[in-house]
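Consider the two complexes below, in which chain A is the common component and chain B and chain C are the respective partners.
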Partner chain A sequence: MSAAPARPRPLIDALLPVAALVIALMLFSLFVAMEGQAPLEVLETIFAGAFGDAFGWQNTLLRAAPLILTGLAVAIPARAGLVIIGGEGALAFGALGAAAAALALAGSPNPVIWLGMALAGMLAGGLLIGFAGALRQWRGVNETISSLLISYIAVALMNHFVEGPLRDPASLNKPSTLPLAPEAMLGNLPGLDVHVGLAVGLVCAVLAWVFLRFTIWGFTVRVVGGNPRAAAMAGLAVTPWVIGLCAAGGAMAGLAGMLEVAAVHGSCNASVLVGYGHAGILIAFIARQNPLAVIPAAILIGGIGAAGSLLQRRLDMPDATVLVLQGILFVVLIAMETLRGRAWRMPQLPAPRLAKATPAPEEPA
Partner chain B sequence: MFESAVVVPGLETPHGEAAEVEVLNLTKRFGDFVALDDVSIHVAAGSFHALLGENGAGKSTLVKCLIGYQPADTGSVSVDRRERNISSPREAAALGIGMVFQHFTLAPNLSVAENLLLAQPRLPALLDWKRERAALEAMLAEMPFRVRLDALAGELAAGEKQKVEIIKQLYLKRRFIILDEPTSVLTPGEADELLGYLQTRTQAGKLTVLMITHKFREVMRFADAVTVLRRGKHVAGAKVSETDPQRLAVAMMGAEDAQPKLATPVESGHAAGAEVWQVSALTVIGDRGVPAVDKATFSVRAGEIVGVAGVSGNGQRELVEALLGQRRILGGAVSIDGKPYRQRRHEMQALGVRSLPEEPLRNACVGEMSVADNMALRSFDKAPLARGPWLRPKALAEQARSMIEHFGVRTPGPGAPIASLSGGNVQRAVLARELSEGTQGPVRVLIVANPVFGLDFRAVAAIHARLRAARDAGCAVLLVSEDLDELMELSDRLLVMHAGQIAYACPRAGADVATLGRYMAGETHA
Partner chain C sequence: MQDRSRFSRRNFIKAAAAAPALALLPAAVRDAIAAGGITVGFIYVGARDDFGYNQAHAQAAAALKKLPGVKVIEEEKVAETVAVQKSMEAMIVQDKAAVIFATSFGYFDPHVLKVAAKYPKAHIAHCGGMWTEGKHPKNVASYFGYIDECQYLNGVVAGLTSKTGKFGFVAAKPIPQVLRNINAFTMGARSVNPNATTRVIFTGDWAMPVKEAEAANSLLDQGCDVLTCHVDGPKVVVETAERRGAFSCGYHASQAKLAPKGYLTGAEWDWVTPNTTFAKALQEGKPFPNFVRGGLKEGFVKMSPYGAAVGEKARKAADDVKAKMLKGEFVIFKGPLKDNTGKEVIPAGKSFAQQAIELEGMNYLVEGVIGSV
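For the complex of A and B:
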């Protein structure tokens, strides 16, 4: 109580992710320069591959659709104060659940199949991450670690079912579940070469934002996440809310898995897992856990991913180069987080040893 | 922590001899708050000196100034009758002064032997383990208790860790050891063993001990002299042989000057009404897994303030947390108006249950949310602050402006994060929310814990006036406080808590401070 409380500085705080992006691009330039490439040309190529033309935009938005959802999978539980990083597993579970639902509903009208697949995918992902939340509330297990470990189990289970009980005997080199009938695949958005999953992601992000910001339940979430002790004093039920938000986040990643099956691959197989779940962590951090800000963040990261093939074609660089950029961005972003809310002062030189007037940081105990 | 040697000019350390320490006129302020107010203590060489006081009395501040952890504003410290400018724990160490903290400072993944050795001020680049180990074993052989030198420090039980901490200080040949509540993690048997050994060392003239404690039993049994601090002031000092626990309890809680007030008690304007809430056989588990509140039974009537007195650590905090809904209730029941009360939100709203917990920022606010949001914590989900599921930000802001005005909360605006307010203004904001009726319905039951802790005189008077007004309006108030003056001033009835139980109950009018002190000290048979 003796320390002066930090004054909020929304502008500086909002600029931190931008600064992180700039620093990460500089570090990345250094990296590609060491590889003998011209940094400006590489950055230009990434930009061209992501946003340079209609084809680049289409590629970017195709990736952004699931990334919005996996970003929400991290951002929603974060509102209750939880760091969940099991999005990849929830996506795998969602894809598996959706594929299984498609099998069960084969022959039904398309809307029934789609609804069934979406519900199954959301349920599977929601149960998975909800379990991590329950472990935390009831057994005191760290949700970050448990969600990551549960995620490995989910991926292993998906592989087990795809290569075992649910395998389509016709899929020889690449084990897959039975593919959807071509007419049962989700189509594109009118006038765009991007599937409807993008609209689903946008709607989910906006709904989450409205829910968290304008409703009494959103207010409850802010109290529960901000200070569970105060929430308990106000009679708010902390545990159901925490578990519920985890499940909602998992459901978002599960829905991303469903979209990958129903709109892109047509079946559940190893191609579903290309790291969208992990990239969701990065996206949520860039977006400062704000559901609306997840949309541009997902487009940014989708664009970086989309640029990989152009880098390969034009500059003969491995397409994993863009993963290096993602990794650098993540590390810089997390490092920048420690600057948030800090007083911006010149660093103080250590006081001379005999001077007595160093202010004590301790509070009266 | 490594403590490297510091050369203090003119220091001739008479190893193996107890040190004498005198603190003269020490004052320490944190902003406007006076943590230590002109305190002087003389700790004779070879004595076992106890330092008593409630939380926030200034004990920790005093010893932190003494070992150079933080500088005092004014005052001086003399060691062996020479004034010393101790500006860091390293300089204190060079003078032979060491401290055992409440929290452990051992490296958990090193063995006990390694921990002890590493504490030395200077280590050679290569260790002669055989020789060092022999020296350690020789030292341990003199002690009445055993520790396993090869065990990992992290695997030791709390009691063993505490022994190692103390052995570490002896190994470093300290001549003056400060102990901060050393027995809070020990069983009574372990405590007796440790303190008994330190007592023999002091009696042999090898060591001086200054011990912060809450436990009268240890003071009476092991200490030679005792000093009591209260609100940063030295309020009592005596030889242990010339005092007794109840006098010490009264000095700690501060009711010496309450006696004259008893002659002119401020009565509530009317008689108390019907019993509003009953607590029966309430049992609550504490942080260490044993019951902290043990079958507590009491009731509070409408229009009365029931004060709960007791030395801190006797279950008051856990009682309040359980009543607030922050801690699980293991057994017993709480009922309001004869119906069970389970700390649910709809019950709180329907029955008018409000609370002023201690440390309001930690217990009753969400720091990063705005003042207006925090003021809406009780009623954001009801009209007029909400329409159906939708929040009405304008209504929230309007309510906040009205509360800010009525309770004189100093804030940049309703939209400022509540954590950016000063402690006193956070307290006012919470007071405004918990005592306002307006949109929130009537206030019928109020749970209050240490409501004026750390506040200045005028804020205290204002809060006391609000509590009295709530009582006079018919509210049933439970007031838990570490300040006996406050309890004597406000309460209509008094309860004394000791070891988790309600040890004593009496009307305030007939309260006798000596008797209260005896029950607070746990001497119920006397």
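For the complex of A and C:
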């Protein structure tokens, strides 16, 4: 920002991600050409695989469904200025909690089972990440490191319970908890081949956005995230807010774990862990920690996954191709974000030297 | 709708919608279908060049490509979740695959079952032996090999090559399939060296390179001089053994290239046999076989060629047992057999052939194995 506050340029700001996408695709084309493939054909295939037809779209949305929730698991605590990367562990804990609840509630009406599973999953995930927040507030432990390490413990505990106390004795070579009854599985959205997890994710994202943007509590969170010391001076309860937002983020990942059990696998087992929690970090950063923007970011990453499938089958390219695209896209997007909110004019001579050029309330300290 | 003109708006829209789908088919697939050939899909859970489980399947895919009238499509690193469901569906809908080989054990329930129910005309063959008559649909099949025969031979070779009589086994999870391999290896080694012991370390999951390296080093530190393993990618274990001057026996595929000095031999899958069986059956319009299993004799598994470090005596001993296995005269699991706590697990006079159901639920480690499930 220059000395006088820059005028907001909503159009330019809105175009930044588009520009990033174009630049990333150009760089990717260059890479593809160097590998001896025709870039246009590759890009065409990527588009066809992800968004080309109804099958592609549903493939993309199905993959995006859990990613919206794991993206929120990072984005929500980020509003309080925390970088939480333990989503995978919260998902594991959520899946375990949900599977345990399903066992306890077996025989109840389906809505009771689903509600119980969802609450147990959210509670398990929330406790896990809430603990990382508590460690930070009360013991001064860096929440990024602690959430990652706690995540490893959570995955180990999940494996222990799945292979030990909660194991279905009939699951010989793939240790799993007792499966849900087929009629107790969550179904698809009407008219779509995508399970209800997508709707759950969308609702959570919109709710989180409304809460953080339009309520007095959302304003409180922005103050806490912007400057905790000032917030404390103003009499705001910083510690409960920080821990609470961590727990809310963990609950989102826990809910994703519950949905994997209730809508996809039918039981808790090692297949639940396929890196959705880690992908959530990427998505939250692409979305600039904005809960609403998490939705398109998750669809983008889901689409890249769907595209990878077609790319392998049509052009015999390795799976790593789309990882390269994902990497380039991520770097370019983050780099372009530094241009957001800049005053677009030639620098005047005694150029003011300022470290940051982002609007204050948007960015955590 | 029947009595209306065939050129109704609805039909036109249908045709217009279908046209791009057809155009989406690559020329090679269209030609193959036109020529009466079939398309075969392979789905791997990991990288197809992992020197292990997935590579063994990819080798079979490469062999199938050479068959006349067979077009092969592949997808690697497909997770055991909705991703594999969508990949299978895409192969069925977009590529018109006649049969899909879903090669990871975790693909079966619920993913293979769900897609098979949705597309009753498609065929999915799953690697792992889960298909049960009456319980699972007829368009699903299981194929698997009795690789414990090769692990027994690994044990014989290791037993006659080792100086310390101590062996290290890096294993993923204490599940029946893995325990059976550990036990077969140990029994093979003890058949030629009754004092031999196998130390087991479970890493907890199928692909844990860092833990596998730690386990391998720890086993070597304990005096083991031959390592083998049952994890998805034996690369790390074999390389660690080689670097530290120890011997290794391979698993899944050949890792001989990774350890030119210390690689003794290895237990390898030979999936070409079952894969060809399925492809041929569909090509010739024969019924789809639902349950295909076999060992050395049937050509489902094979041994890596002996490495330079394997002496004449070890070669001869292993070849003798192998000859018996090829004739179907050799039984690995027979009584009296004790587990490593001293409990009798197979009483004297009882013997289990490879297909015995009792072996499918194995939950013990035999005498001579140091470790617990």
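Remarks
Everything below uses one rule, namely that the second predicted complex is superposed on the first by the 285 of 365 C-alpha atoms of A that agree within 3 Å, B and C clash if a C-alpha of one lies under 4 Å from a C-alpha of the other, contacts with A are read in each partner's own complex, and residues count from 1 in each chain.
Going forward, contacts are C-beta pairs under 8 Å (C-beta built on N, C-alpha and C of every residue); 3 or more make two chains touch, one makes a residue touch a chain.
Fair warning: this is a prediction, and the values are worked out from it, not measured in the lab.
When the two structures are aligned on the shared chain, A:Phe55 is found in touch with chain C, with no touch to chain B. In the superposed model, A:Arg288 makes contact with neither chain B nor chain C. Within the superposed three-chain model, A:His265 lies in touch with chain C and out of touch with chain B [touch as defined at top].
In the superposed pair of complexes, A:Arg314 makes contact with chain C only, with no contact to chain B. Judged by the touch definition given at the top, the superposed model places A:Arg167 against neither chain B nor chain C. In the superposed pair of complexes, A:Ala232 makes contact with chain B only, with no contact to chain C. Of the two partner chains, chain B is the only one that A:Trp217 touches; chain C does not reach it.
On the side of chain A, the complex with chain B involves touching residues 1-2, 5-8, 214-220, 222-223, 226-227, 229-230, 232-237, 353-354, 356-358, 360, 362-365. Taken in their complex, chain A has these residues touching chain C: 48, 52-53, 55, 59, 62-63, 156, 159, 163, 172-175, 260, 264-266, 269-272, 274-275, 305-306, 309-310, 312-314, 316, 318-319.
Residue ranges of chain B in contact with chain A, taken from their complex: 28, 30-31, 33, 35, 56, 58-61, 64, 69-71, 85, 87, 324-326, 343-349, 355, 357, 362-369, 373, 376-378, 380-381, 386, 389-391, 416-417, 419-423, 454.
Residue ranges of chain C in contact with chain A, taken from their complex: 20-21, 24, 26, 41, 47, 73-83, 86-87, 89-91, 93-95, 105-106, 108-110, 128, 173-177, 204-205, 360-361.
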